[in-house]
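By written order: A, B and C. Residues from 1 in each chain.
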Amino acid sequence: MSTVSPPRSDDLLLRMRVEAFMADYVHCLDTDQLEAWPEFFTEDARYRVCTRDNFDRRLPLSVMSCSGRGMFRDRISALRTANVFEPHVYCHVIGALRILGSSPGRVETESNFQVARTMVDGTMSIFACGRSLDTVSIQGEALKLSERIVVLDSRQIDTLLVIPL
Amino acid sequence: MSTVSPPRSDDLLLRMRVEAFMADYVHCLDTDQLEAWPEFFTEDARYRVCTRDNFDRRLPLSVMSCSGRGMFRDRISALRTANVFEPHVYCHVIGALRILGSSPGRVETESNFQVARTMVDGTMSIFACGRSLDTVSIQGEALKLSERIVVLDSRQIDTLLVIPL
Amino acid sequence: MSTVSPPRSDDLLLRMRVEAFMADYVHCLDTDQLEAWPEFFTEDARYRVCTRDNFDRRLPLSVMSCSGRGMFRDRISALRTANVFEPHVYCHVIGALRILGSSPGRVETESNFQVARTMVDGTMSIFACGRSLDTVSIQGEALKLSERIVVLDSRQIDTLLVIPL
């Protein structure tokens, strides 16, 4: 905490851009536009969902893991064609962004999230919560994720975890 | 996503103003200052709460619908005098704002929300979640909603939906 | 609402600084770095957790109360050494910040929050929700809380409320 400098105008612009980008990211997931999901990542991006326990102990185990945008696309194709699951919708709410570091063309952030899931019968519950560690690459006017690590608070993974977080 | 330009300083100011306005809006509801609720809208504003299913299929069915500020006031009067319901309180959390478009004097936004409801016995649960599509009119220093569409993730409507969202 | 002036650039910077500070605050709690918690407060800070009912009726009753940073440290020591409780983790999400007032070196804010708790068996639920009223003192580049009042929506206090909010 004591190492955090007060933000300057440039930082504010960057923060706002990242916040707007993350809002677009969760909107893509929540509105089931999954085919657009890989477009939020760089070509060689890494994506990983893991439990807090494994993350804290630096264990490489992941609940879900993708490396390279082709693998992201495969995952969505598989989800669309092969998986059978009960219909449900997600609603992500992201907490305030923490900027962990930045260098020209790149910013590292962390933010809490909670996902509410609504089943077809109207039942609502918290489906997942935790935080994400995101490395955002600034490519001119576009932002892309070069790494996203989703750290789940729960050790138990719901069998319905078929849609990316 | 690819069509989003990086925000400029003016955009930032506008975004901040809308965020502050929406924070005031939910504070009004969460603190039961419902008589002030119509004041957040323009005189001829439209307000609608609908299910995601009906919204996606462009069906006109609404769970709640008001047109014109007089109707907003009537709704609150009715709620205060006629309805009998179990005491409970709401806590809205709004996700990051997406700016869908803006023109002089007007901005269109979208944001996710989750509402936690606490009953008198202390039971807490997610009461409603989804997103809102808001058209905000800029009238000098004041902001007013000229349209607000609340799209609920759930198809089942809780019979306790007596307070606006 | 009608008394809120549109924010200027200085206000934006201040708002951003407070948002970043609050994000650091909840990160400290959510990652169990409780020994750093007192550092977020001024030396003579007051901290209080109370129910909405008691707050609205201006009753002095508190669920938890600390006055002066020494007392904050004692609380954490007690928690680390004496308390035995079931392992669980918290995930705070804070809603949009409302700036209630500011003067040189000081800003008063209000924000909603929801805390999801995950038990060791993976059960997730809303553990607490409500709002906090924070007085933030600006000491050069550092921000510190000189007062924090957490107003819980629930009247029932979970016996597991051992970690600060």
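The rule is short, and it goes like this: a contact is a pair of C-beta atoms (placed from the backbone, for glycine too) under 8 Å apart; a residue touches a chain by one contact, two chains touch by 3 or more.
What you see is a predicted model, and the numbers here were worked out from it, not measured in a lab.
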Those chains which touch chain B and also touch chain A = C
Ask   = At the interface of chain B with chain C, does the proportion of residue numbers present on both copies reach over half, so same, or stay under half, so different?
value = different
Inquiry  = Just the number, please: Cα centre separation of chain B and chain C in whole Å.
reply    = 26
Request  = Spell out, as numbers or ranges, the residues of chain B touching 2 or more other chains.
outcome  = 9, 12, 93-94, 114, 125-126
Query = Which of the residues in chain B come into contact with chain C in the complex?
reply = 9, 12-13, 16-17, 19-24, 26-28, 30, 36, 39-40, 89, 91-94, 114, 116, 118, 120-122, 124-126, 141-142
Message = Looking at the complex, which residues from chain A come into contact with chain C?
response = 1-2, 4-7, 9, 11-12, 15, 52, 93-99, 110-114, 125-131, 153-156
